Amino acid sequence: MYIFTNDYAEGAHPAILQKMLDTNFEQQTGYGEDQYSIAAKKAIRKEIGNPHASIYFIATGTLTNQLAISCLLKSHEAVISAKSGHIQVHETGAIESLGNRIIPVETTDGKIRPEDIIKICHAHTLRPHVVKPRLVYITNATEIGSIYYKEELIALAACCKENNLLLYMDGARMGNALMATDNDLTLQDMSRLTDAFYIGGTKNGALLGEALIFNDPETYPEFDYLLKQKGALQAKGRLLGIQFLELFTDNLYYELADHANKMAMKIRHAFKEKGYEFLLESTTNQVFPILPNRVSETLRTNYSFLEWAKVDRDKTAVRIVTSWATPESIVDEFIRAIPH
Amino acid sequence: MYIFTNDYAEGAHPAILQKMLDTNFEQQTGYGEDQYSIAAKKAIRKEIGNPHASIYFIATGTLTNQLAISCLLKSHEAVISAKSGHIQVHETGAIESLGNRIIPVETTDGKIRPEDIIKICHAHTLRPHVVKPRLVYITNATEIGSIYYKEELIALAACCKENNLLLYMDGARMGNALMATDNDLTLQDMSRLTDAFYIGGTKNGALLGEALIFNDPETYPEFDYLLKQKGALQAKGRLLGIQFLELFTDNLYYELADHANKMAMKIRHAFKEKGYEFLLESTTNQVFPILPNRVSETLRTNYSFLEWAKVDRDKTAVRIVTSWATPESIVDEFIRAIPH
Amino acid sequence: MYIFTNDYAEGAHPAILQKMLDTNFEQQTGYGEDQYSIAAKKAIRKEIGNPHASIYFIATGTLTNQLAISCLLKSHEAVISAKSGHIQVHETGAIESLGNRIIPVETTDGKIRPEDIIKICHAHTLRPHVVKPRLVYITNATEIGSIYYKEELIALAACCKENNLLLYMDGARMGNALMATDNDLTLQDMSRLTDAFYIGGTKNGALLGEALIFNDPETYPEFDYLLKQKGALQAKGRLLGIQFLELFTDNLYYELADHANKMAMKIRHAFKEKGYEFLLESTTNQVFPILPNRVSETLRTNYSFLEWAKVDRDKTAVRIVTSWATPESIVDEFIRAIPH
Amino acid sequence: MYIFTNDYAEGAHPAILQKMLDTNFEQQTGYGEDQYSIAAKKAIRKEIGNPHASIYFIATGTLTNQLAISCLLKSHEAVISAKSGHIQVHETGAIESLGNRIIPVETTDGKIRPEDIIKICHAHTLRPHVVKPRLVYITNATEIGSIYYKEELIALAACCKENNLLLYMDGARMGNALMATDNDLTLQDMSRLTDAFYIGGTKNGALLGEALIFNDPETYPEFDYLLKQKGALQAKGRLLGIQFLELFTDNLYYELADHANKMAMKIRHAFKEKGYEFLLESTTNQVFPILPNRVSETLRTNYSFLEWAKVDRDKTAVRIVTSWATPESIVDEFIRAIPH
């Protein structure tokens, strides 16, 4: 049985494990002051073209979103998120649990547009009886595999600025977005156009870890206190530092995401060729073919994947996720198993 | 200029002020242990037919909703509310600020139905990645003047029980609901069918104050601690006690609400007679006629009321609110001012 | 039985009730925008000599402390308070409940001194593993009746500035402090030397209400949102406005506190004359004589007051509190009842 | 330069890294449902003699303490902790940040005794104006290296039960406590005598991770929601599972702690032999010798350790910490460097 359910079913890329082994008995300062964390931050600052950025490594995406967003908001301020946004659907009320409301936006493709933001701002003017929109949360790649284009991100950033809103990007699948064939954004763009964003490690070959970036170090200069207070400061910070140092050495981060995307595109192409339709188009590592129920059932004898949405009585859209670790041989086998 | 904007533009019913004057120099125990608070609770327990209920007087509706709901929920549990519910639209994220998510339900008439609840429960099964629905928040009368019927409340209560959900009723305009011509519920029913509810004073003749009722005293027996901690315990609790003692002496609570409703119905009838249509039908103290813009403008030279919603380029639905203090003579004058 | 237990056993000063009666049927805008609240703020701004101050009327002292302090602090920042401070001993963890730690300081007289602050700052340098002291909370008069002198407050304010700390004064008994025979501070001084403070109404003749003042309006310009969110915004804000308008008309606020203090001093003098000692010296409205247990018992047949602290097997320090409403005739009677 | 500053300067025990390597490409279910987490929980349940315990692996000690304690408390309930307790001194207000007060207890040896608890309970009876003590937090080994004896823990547990208090043990250095020469407690005792406790991995050879144990699974059956909500649920839970599976295979957990303790005892013995005194006696992996300042300075040219407390002008107590990874050869060298 091969798992196409998610992109975190394996451990870490071997280069990361090797580095951990090689440096295991070096004594390092704790709590993120180790030399690997320092070097990893330096590498990321170079990659994003921002020598002044504040960077923090955090174990999980939920913790990253929660801390980054809550530190940027007062209690009467709210986050705008797509209805399909991770903080809205799959983080068990993490944002609310620290005191802030999420204002969800209905979208067709997981992406927020300036007009959505303006509409929400207009609906929240009855001060002080309503929350004040203050931050826009976007994901790239989105939860359904779509990506933001440069023109869109520029427009969004401008709209945020005009409306006194902060822009935050969840990059759990940042690598997949960057390596999409139709992508025209770079990490430098993210750093220039958002207030804060994170580069996801867990879903791109790390054992754990997300790299949170405040593009302006003055945004929340005392974030280290918050990290410690909310249990996000690892005594052995070297563990996180090594993940990102390796990922940002010799373009490993990009290569891993590129592999995941290529495997997905190969699968997508195969479904298309065999005449299947798709619930959603995606150029990243998620594919959403619509399958007759019996096809889905047959494929699932050897492959596990998610039933995403019932389309009609006979058909179901499924989600197939590939990763940095998906062997091409398995993909080829799977493709052969897809009936015409 | 007469204000039809809300039902809290005046002070208190004179009987309440008189009682305050008469008892002003009596020395009373503080923090809700005064004899007026004790007597008022006794009167309410009798009125709701529940001698064991725990009752607390709280200065504002937002504070009441916030404390009552947050004490009933763990941080991963969520409230189901109509999209038009007061906690969702006009309390500045009060519920979220203490850590819980609200799950909004689209409704046409401000009322939640069992099928809404079931749908939400089905959409929240991916434990532990999603919040757990745990409490249903309803308002009666609703924010748009509609009321729950007995059959509806019974069905809702049953659905809550089946789905392990608590039922909480916001009674900011409870009097108006109870005195509606088509109402078939009593305070005894509220006490029997909900887990907790509040009887609103502020919008029915009190200077301030809402009476929060836990129908089973074991629901949150240490609520007094929470009251004090969140600044809701008045040193001079007599102030709140006297409001409710007077309101529940000689049926004053019902009479005041009845007057407000009658004034509203008179206005509604007048609009109807003169050929106007309504955005919403309501049998309580809010009327929502659709007015040509120039009519609205004319009326607003002497009367203030809210523009509720644009209907088309030429017409606007407005909201006219009456209260316990609205003089019938003013209503008659207003009616005369409505053009045919 | 006469109650000397606290200073909130009666209702309100008759002038306040009269004003409420006189204006009861005027229609006023809700939520603090009424003309009485506006006028009361104007009167207070004049009294404190600060035309730009932001002022908010809040129902209780706990709510005032909680909202004012929490809005000034980030979650890793802490409040320094005397161990006897109200937020530390009698507010059920209100500050912590909104997320901040209190660092208590042992004092002999309820007053914090610069050396206390400096010591605490030195003990909190292991960033980010410890909280960051950020605000100093003082009460004037203190919970045990002592007051700050001008020289002390100047020194404290300077120490706060040097250490990047905010200074907040709880003025639940501000009137009593200002009218103490040895007082040399004015409300103008409070406004000049603190960042925020409140003028207590509840313990000085109001039915309810504290006037929170941010001396610099830029300190937290969106405080109105917070008020609404935490249930502190009264629909009938006129109730609070009238309290303070009357208190700050014709020096009523000062006269009421002066009366309370005089009654206390009379009692204190009587105990002294009859040879009793005191646990604490106080020039405000609290007296702490040390009584043989049988004297305490005898007095308590007709007067109720608090046993404050056991001194030895035979003696107890008690607390006698007077108020704006304490009749001089009762005080004279009480004095006669004190045995030699 | 060798670091004696803490017990988390190295990576992980090689057996753990090896297991990670060996299993790296196995596809595992995410979020703690992997086979290693399941096996590790099974091993721990056996070790603690409690087949029904609920066990959760959490990345850091602060996160563990914070989530475990906050889920057990309502907002008006407080934690009793030694003044030297980790939650009180080194977690940046983590407990308060989620809403609860800590009541600190002055101790001489870091250990809480029944009389401390009883005193605090007596000081918190003025309901509802004070917080309600509800949980006792202890650490074993304590922050200063002392350990609880069986008789003490039994007495503490009984006192808690009598006073309706929960007992929670922070076991960041549980291994060091268990392997102390004077220890008479077992993990089974901890499970029998506390409500919840954690077995620390980070300070005993794991890369990261603490094993939180609710001895009665009904204590907080929905803790998984909280884990996810507060960002504590690792997508690759296998990482945590493997740490604990290895630690509880072939007694590795005990052996590592035993080694750390033996190294510390060797150092302690050396200081004693050479005539030095100690600030604190400890039988675990921390040693607190009192050194003339020039000795401290000399030793610190090759060894790093913490200055713990000034004793007088010429002498300082220092803290030397050993770990599972401290080589005996380094210890021998260090001992030779200690002057007579």
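To keep things simple, chains are lettered A, B, C and D as they appear, and every chain counts its residues starting from 1.
Going forward, a contact is a pair of C-beta atoms (placed from the backbone, for glycine too) under 8 Å apart; a residue touches a chain by one contact, two chains touch by 3 or more.
Nothing here was measured: the structure is a model prediction, and the numbers come from that model.
Participant: Of all chains present, which has the mean Cα position farthest from that of chain B?
Facilitator: D
Participant: More C-beta pairs touching across which pair, A-B or B-C?
Facilitator: Counting C-beta pairs in contact, B-C comes out ahead.
Participant: How many Å are there between the centre of chain B and the centre of chain C, using C-alpha atoms for each centre?
Facilitator: Roughly 34 Å, centre to centre.
Participant: Taking each chain's centre as the mean position of its Cα atoms, how many Å separate chain A from chain B?
Facilitator: 43
Participant: Provide the list of chain B residues touching at least two other chains, using ranges where the numbers run on.
Facilitator: If we look for residues of chain B contacting two or more partner chains, we find 75-76, 91-93, 97, 128-129, 131, 225, 228-229, 233.
Participant: Can you list the chain C residues touching chain B in their complex?
Facilitator: 2-3, 6, 8-12, 14, 17, 20-21, 23-30, 58-67, 91-94, 97, 202-203, 207-208, 225, 228-236, 238-239, 325
Participant: With touch defined as at the start, can you tell me which chain A residues reach chain B in the complex?
Facilitator: The contact residues of chain A facing chain B are 75-76, 78, 89-93, 96-102, 126, 128-131.
Participant: Using the touch definition up top, name the residues of chain C that touch chain A in the complex.
Facilitator: 71, 74-76, 127-129, 131-132, 222, 224-229, 233
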